[in-house]
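Okay, so chain A shows up in both of these, paired with chain B first and chain C after.
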Partner chain A sequence: MGSSVGDAAAPPLPPPPVGLAVALPPKAEDKSERKVDYLNLPCPVPFEEIQREALMSLKPELFEGLRFDFTKGLNQKFSLSHSVFMGSVEVPSPSSGAIKVPTAHYEFGANFLDPKLMLIGRVLTDGRLNARVKCDLTDNLTLKINAQLTNEPHFSQGMFNFDYKSKDFRAQYQMGNNAFYGANYIQSVTPNLSLGSEVFWLGHQRKSGIGFAARYNTDKMVATAQVASTGIVALSYVQKVSEKVSLASDFMYNSMTRDVISSFGYDYILRQCRLRGKLDSNGCVAAFLEERLNMGVNFILSAEIDHQKKDYKFGFGMTVGE
Partner chain B sequence: MASRVSSKGKGKAGRGPDDGSTARCVKDWSTWAMKKAKVVAHYGFIPLIIVIGMNSEPKPHLSQLVSPV
Partner chain C sequence: MAPASSMEKIKEFLNSQIYDDDKWAVNSKLLGAAGLFAGSILFMRNFGDLMAI
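Right after this comes the complex of A and B.
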């Protein structure tokens, strides 16, 4: 009796487009008499991906200018990528918020994707290197390294993460430069609810913080809440309206700077295109379209209109290759 | 007075005569190692990926690395 619920590890359903990765019990006829087997809860999503669905819908990579990406696969696991960008980039400046700096760069990248080892490297024309390594040391332990190395001294950043995944919980330990240490832990409490918490310590500024998060999801909706001692409260809600459409909303409150921002967005995943749009409480409207012109050729349009700051950003581009 | 100061210093260290400089040596050496590791990673990461990729099965040809087809 409990085995039909405990068998949740291998549902034969097609993967839902919103990316709800938690293996839920199959919607069988015995839904009314489904007993929760608390010893066989599904594995929760990683702590940093708790708001994954909301971020995917509400924060597409908006850009201004021209973008061209070419990915060439040499074999199943190894591929090279060439990327050209010409446009304006927002650089935070101390005097007047962010200023737009026109930049043009070429980026060369190499990817090696293996089930056990993933290496991604991107190098720009000014010498900056973006490196990501993910290595499965054992079945349950994963090492992730994320680094941005620059030629200027003291501007490089790196972070080491050790992830441990068990049957119904995940734990992670992080070490970064500038003496940053962090740890987080997330546990499935019921088949739909998972709770987690994180602590971090910044050595050079002698700051530490603690945060708590909760995620409730069914196969139609995901609701998350995060509170941190840095004074940030973040809530999000994503509803999958149909196979092709999902709506998302997001609320963030920073009690230190008394900043509130709330946004509402939609995500249409259609056969030939993916359209994401959002509306902000700061008066910002954005949309991002990826249209599949042909096998492996995608056309991208990005638009962001900020009515409050009178900032209009439009970008277009093309992606060739998988 | 000088002997009192020196004995107080020895009592505080407890382990060796130049404990403070040993810790400083270790810190300096680890900083030097991190600097060298950063330079090695900066120049060698992308070549490392390319070498690992070119040796994975099925082995791609060297001309595929530079041709745009």
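Right after this comes the complex of A and C.
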């Protein structure tokens, strides 16, 4: 009885699609009508990687001089690397900004990569040692250790990080030498927006600081903002124009030193090359090209022209091995 | 010459930031960088497809 009444009241079925409607994709309006499930939000990016798209596009490793890197895999998990650099390095000096120091060094490195454990070590001819350890203690807890040891006294640094990753938040606790303690927390608030905050304490200088960060990302763009009590405001915006092309822009203001810098750059990831270029508000133009000549052989060109300071830096190099 | 109204206070603040040489040096850099950032965002959102391959 009830069912016949129900059938009579049911709306007529839409006609089956004909012609072009079969070939074209269905209308996208059903995406916006999907209800947001606030209990199933995606896991946010780690707090220190909140600006990673902008950093990848806008901060290539520009260098001046010759660079040669050779990576040799001994087996699936273990590889060695040899790296030669001959050129100028900018050393910040208190008197006149940065000064260029001609440098030449050879760096030997060993990498052990396992799904649960990663060990990376690098040692340079001037006696510096870099070590990085990343260990998955459990599915959700990761331990990271970073150390830079030098011959000069009081210049060595070490840092322990404990990262906890949960369904829709991440938390990190850091301990470093010089009595540095820090913690940060980032939470997904909506499927596109995540908010985070960090605190740190420098024991020897009795200084503490707090910072807040927000990240909004969709398929096409990522926008981030970071504010810290050290007086730093950092904003960034990345637009993914296509699979191969990204445009990025960032803005940083330091209210303690009254320094402000903004840059706009592009990142073209093509099959045979990766080209990144940027333009600065300080009148600096830079470009970085990695060209794949052969399987595992990359040719690198780096250029940075600072019109204001009349500083021209060009570098070239080669990378062999993955 | 008591700056009573808030408009006058705003004008006084703006004048002190624009006509003072040191502050204007910093402020012009800030305006330039903010303009580059905002302009590049507008360019990316509206004309980004021009740079696609």
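Rule of thumb we're sticking to: the second predicted complex is superposed on the first by the 291 of 322 C-alpha atoms of A that agree within 3 Å, B and C clash if a C-alpha of one lies under 4 Å from a C-alpha of the other, contacts with A are read in each partner's own complex, and residues count from 1 in each chain.
Throughout what follows, contacts are C-beta pairs under 8 Å (C-beta built on N, C-alpha and C of every residue); 3 or more make two chains touch, one makes a residue touch a chain.
No experiment lies behind these values; they were computed from the predicted model shown.
Novice: Should A:Leu235 be classified as contacting the first partner (chain B), the second (chain C), both, or neither?
Specialist: The second partner, chain C, only.
Novice: Just checking: does A:Asn75 make contact with chain B only, chain C only, both, or neither of them? Give me first, second, both or neither.
Specialist: Touch status of A:Asn75: first partner only.
Novice: Which partner does A:Phe264 reach: the first (chain B), the second (chain C), both, or neither?
Specialist: second
Novice: Who does A:Val245 touch here: chain B (first), chain C (second), both, or neither?
Specialist: Only chain C; A:Val245 stays clear of chain B.
Novice: Just checking: does A:Leu149 make contact with chain B only, chain C only, both, or neither of them? Give me first, second, both or neither.
Specialist: So A:Leu149 only meets chain B here.
Novice: Which positions of chain A touch chain C when the two form their complex?
Specialist: Result: residues 221, 235, 237, 239, 241-242, 244-245, 247, 249-251, 253, 258, 260-264, 266, 268, 270, 279, 281 of chain A touch chain C.
Novice: Which part of chain A faces chain B closely enough to touch in the complex?
Specialist: By the definition above, chain A touches chain B via 70, 72, 74-75, 77-78, 80, 108, 110-112, 114, 119-121, 123, 127, 129, 131, 147, 149, 151, 156.
Novice: Within the complex, which stretch of chain C touches chain A?
Specialist: 26, 29-30, 32-34, 36-37, 40-41, 44-45, 48-49, 51-53
Novice: Per the contact definition, I'd like the list of chain B residues that touch chain A in the complex.
Specialist: Residues 38, 41-42, 45-46, 48-50, 52-54, 56-60, 64-65, 68 of chain B touch chain A in their complex.
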